[in-house]
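Input: structures, listed below.
Same chain, two partners: subunit A is paired with subunit B first, then with subunit C.
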Partner chain A sequence: MALELKQIEKVVGRDVHIHPTDLVLEPGSFNILLGTTLAGKTTLMQLMAGLDRPTGGSVHFNGADVTGKRVQDRNVSMVYQQFINYPNFSVFENIASPLRVAKLPETEIKRRVGEIAELLKLSAMLDRKPSELSGGQQQRTAMARALVKDSDLVLLDEPLANLDFKLREELREELPKLFGDRDCVVVYATTEPTEALLLGGYTATMHEGRVTQFGPTGAIYRNPKDVISARVFSEPPINTAWVVKEGDRVALGNVAAWPAPDVLAGKPDGRYQIGLRPHHVLPLRADAADVPVAGEVLVTELSGSESVVHFKVGNETWVSLAHGIHAFDVGETAELFADMRHAFYFAPDGGLLAA
Partner chain B sequence: MPQTKSWIVPTLYIFFLMLPIYWLVNMSFKTTNEILGGFSLYPKEFTLENYITIFTDPTWYTGYLNSLAYVGINTVLSVAVALPAAYAFSRYRFIGDKHLFFWLLTNRMAPPAVFALPFLQLYSAVGLFDTHIAVALAHTLFNIPLAVWILEGFMSGVPKELDETAYVDGHPFWSFFIKIFIPTIAAGIGVAAFFCFMFSWVELLLAKTLTSVDAKPIAATMTRTASTSGYELGLLAAAGTLTIIPGAFVIYFVRNYIAKGFALGRV
Partner chain C sequence: MNKQINQKAWLFVLPVFILVAFNALIPLMTVVNYSVQETFGDNVFFWSGLLWFQEVLTSERFQNALIRQLIFTFSILAIEIPLGVAIALTMPRKGPWVPVCLVLMALPLLIPWNVVGAMWNIFALPDIGLLGYTLNALGFDYNFTSQPGDAWFTLILMDVWHWTSLVVLLAYAGLVSIPDAFYQAAKIDGAGSWAIFRHIQLPKMKRVLTIAVLLRFMDSFMIYTEVSVLTGGGPGNSTTLLSIDLVKIALGQFDLGPAAAMSLIYFLIILLLSWVFYTVMMRNEDQ
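== the complex of A and B ==
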């Protein structure tokens, strides 16, 4: 059940919502659309579902062109960020709704709703109305409705965003299990890089209506294709800066300088971009090769076990993420240590320089 | 002001509000002689004669039946037509949608008297004069825009993801609209129906102009107070009291929804 988008495009008036995009999602795969709000995740999902018509390009399912096909005839399921249930139906009828439309026999409906309700811990609430449930239960009802029919395509649009974090963790753990033995294509939209890493599967990073990179989640995280993909897939945001290569040295303004890495060997002197994840910038020197970077501290956020320090490096704001409590005063000039061996080096046009 | 005196203002308010209604009810239980005879705070010779006349004399009670008939037709017609229109305004963007929406509302700005003559001429020409349908149709001119306006507010309060979820589940549009969407906005439909009912119930000019005998509304009957026995004020008061009852009855059922409508800024 492969889903294939060919040069799909969505333009509304003069606004381009989705730039021409190619994407192939394999059967039985869990795919994550990762991007900030307005990156085009929801629009792309609506195009996949057939709720919206693309202005250009086509959607293929198992090789068949389904671009103009109504959503009713497509066998898809969708769960939204808001808890969407039919307020006048009981939880049982909410879950049974797609089966009723498909005119399944009553006993079969009872059996399948019972099974899915058991799986999502809704068995005790089947007679209630959705408004009598808690937020987590409402969202589980919506998910049960999406899972009760054997959809070819399941779209989950930030389904956990409106839940408190305990429930979110609980449901996130259950999610991959729910799809474990199905051969449908699952697409999951999220704004949180951490969530993408926890869920695994494949990730498409999205930025301003473009899919900037697509591949296995871990690989994408380790090898961002360009600066934009690296920015999308980093929380706290990845530290970037323009550096100048001169001979076998790389200099970040007059803040820091370090030996040029292998990836820059043989490249002409000039300006390059670097990206360094916050956990490679630490308040304490861990290794003799670490590069000291000094800057004015803007803010320090202390959680129970981690410190996040925002500080100025040249014109950029950098972030350090470290275990333990490291308090700095706002305005103080602090020296932090960057492990440049983990830095990504990007060409001036933003593309990653591979070794 | 001390806390203990805070009941005074609401009490005065309710007193002045209820005074005319009390007086109407009071009069309806008096004989015409007592009403004309002097001032009394309550009926000295309590009589049900006025009500008995209304419920037994066909010239009176058919007035009520006529009114209820055209008001009922009008309410059903207005809401039925306004539902799809309001859905379109709330869910789709099309050229001139905002102007059209506002223009609908401007229909209510013209006084009904403006339309009385053209309607009379038109309905006489097509043979609709003095029928319930004629009055019901005339009133839709004012009620449909109002119902569209109210329903659009309620519909826009329902996320469009509900529609999409239903389509994804496989519901065709009409199945979604009737089985899921209409029950979801039942409160809005109640409020819209209430306002259509009330407008049609109290409107006199068009109702009177477009009818003569067969569809004559109660309000028109009430304007003929003078009979051979002089002014029948008690009878008139009883008719007035009975006219208030349907409105009060309907208001009782939709009072919570109207508050919701006010909160949405549409009523």
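== the complex of A and C ==
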């Protein structure tokens, strides 16, 4: 049961919330919408669900146009960032509520609620009210309600954002398993690149109301289509800079220079953009080919096992992410080593230059 | 024991202490003082024990006033709470009309109580008042100054006009605090508007509605100014509520002892009923 968006568009007043977008989501697939707040993830989900009407384009389900169809007639479920449950219903009644609306027989309701509660570890608290549950349990109840009704489309809008770290890890592991053997289309919105990578499946990177790239999560991470997609899909943010190619050398201002890579061979001299992930900029030289980059240290963040150093390179702020503790004083000029063989090279218009 | 006790903290408590003493404790204790004594003037007092309390509680006059008071309070609660919720539900939750609606709603609350009484008195006069004249012109025999039923009708209408806004504003505040996601989730479930009201809006409004019921209960139980200006307790004693009766006894007849005893009984009734309301409405909250 594929979900297909054709040139879908949402304009409110003068604000374009979603630029015309095409997207095909396959049945049984786990799809991630990755982007910062206001990138349009929630709007796109609401258009998919039918909670909001597009101002242009159409939504198709299994080939049928469902653009004008009301959400209650579509067999959709949605889980929100806030824990949405009926406050005066028990957990059992909360999970059962979509089945009650569908007027299923009592025995069938009992069986299905029992099954899903087992799966989401809620069996022991079926008699409780949502207000008597922890945040994680409340969100699991909301998920159980979304899963119990065998929807064709399950939308999860940053479901883990309001949970604490430990619970987030736990549920994140469980999630893809929960959907493993279902043939519904799952869409999961998140602001965190790491979460997208851990969840796997397919990812659509979103930026200012556009889907900038869509494909298998790992492939998208390894091969960003353009600077924007690369920026969206990097945490800490990818380091970018304008460089100038002259003959067989590439220079980053007067900070650094290195031999032009294969992707630039045959390209005209001039300005290009590079993108280099933080873990390819290290405080220690790992390889003779590494390019030294010197800059003023702005911030250092030391966790138990990792160091994150923000420093100034030309006009840009770069970030280095390294294992171990590397302490720098703020304000000192540090020399870091960039592994330019892992750099992405982008044309002046932002498109990735392929080898 | 060498522990030094620091007495300076009293200095910080003292201002509140003085304030509470003057605005609550001293007046209350004066009333308690009056309620157990008998006086024939000249500031000479005799101990009378619980005599006044007995007298008040067994007097038919007090019982009738209490019954009238209960009828009045429960009538206006039964009208204002559902009506307030209904109006709040129809108010827009976003957009340019929100401030307009809020100001219109708040308007009756800004009018001084005696003005409300005077306004309605004139408004309801059968010969020159718009309401009174219209009703008579339509063929109703309406005269709130001579017919007890009409007096009650006007009284309740006035209170509903004056105070429903408060319930509306409180209920509205409860409604706008419900995130959109709740409505969307209910829509996805296919829940109808009655189910949304019953299972989302009402439970989410519970706390503010409890406050609304308590405020309206206490205020209406103590109502004096508007009734005094509108009907003065009449015709006859038909709209003599507790507070009106109390003033008649205390200031009209200058029976300080019975008036003091009645004040205390009055106060205890409000306290008791408020507690009952609160406990009943919050019953499920702390399980």
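Just so it is clear, the second predicted complex is superposed on the first by the 355 of 355 C-alpha atoms of A that agree within 3 Å, B and C clash if a C-alpha of one lies under 4 Å from a C-alpha of the other, contacts with A are read in each partner's own complex, and residues count from 1 in each chain.
Keep in mind that, in the parts below, a residue touches a chain if its C-beta (ideal position, glycine included) is under 8 Å from a C-beta of that chain, and two chains touch if they have at least 3 such contacts.
If you're wondering where the values come from, they're calculated on a predicted model, not measured in any experiment.
J.: State whether subunit B and subunit C clash or fit side by side on subunit A once the two structures are superposed.
T.: They clash.
J.: Which of the two partners, first being subunit B and second being subunit C, lies in contact with A:84: first, second, both, or neither?
T.: both
J.: Contacts for A:101 in the overlay, against subunit B (first) and subunit C (second): which applies, first, second, both or neither?
T.: both
J.: Of the two partner chains, subunit B (first) and subunit C (second), which one does A:55 touch, if any: first, second, both, or neither?
T.: neither
J.: In the superposed view, which residues of subunit A touch subunit B and also subunit C?
T.: 46, 49, 51, 71-72, 76-78, 80, 82, 84, 86-89, 97-98, 101-102, 142, 145
J.: For subunit A, which residues are in contact with subunit C within the complex?
T.: Those residues of subunit A that touch subunit C are 46, 49, 51, 71-72, 76-78, 80-82, 84, 86-89, 97-98, 101-102, 129, 132, 142, 145.
J.: Once bound in the complex, which stretches of subunit C touch subunit A?
T.: Counting only subunit C, the residues touching subunit A are 179, 181-182, 184-185, 187-191, 199-200, 203-204, 284, 287.
J.: Which of the residues in subunit B come into contact with subunit A in the complex?
T.: 159, 161-162, 164-172, 175, 180, 183-184, 186
J.: Which subunit A residues qualify as touching subunit B in the complex?
T.: 46, 49, 51, 70-72, 76-78, 80, 82, 84, 86-89, 97-98, 101-102, 142, 145
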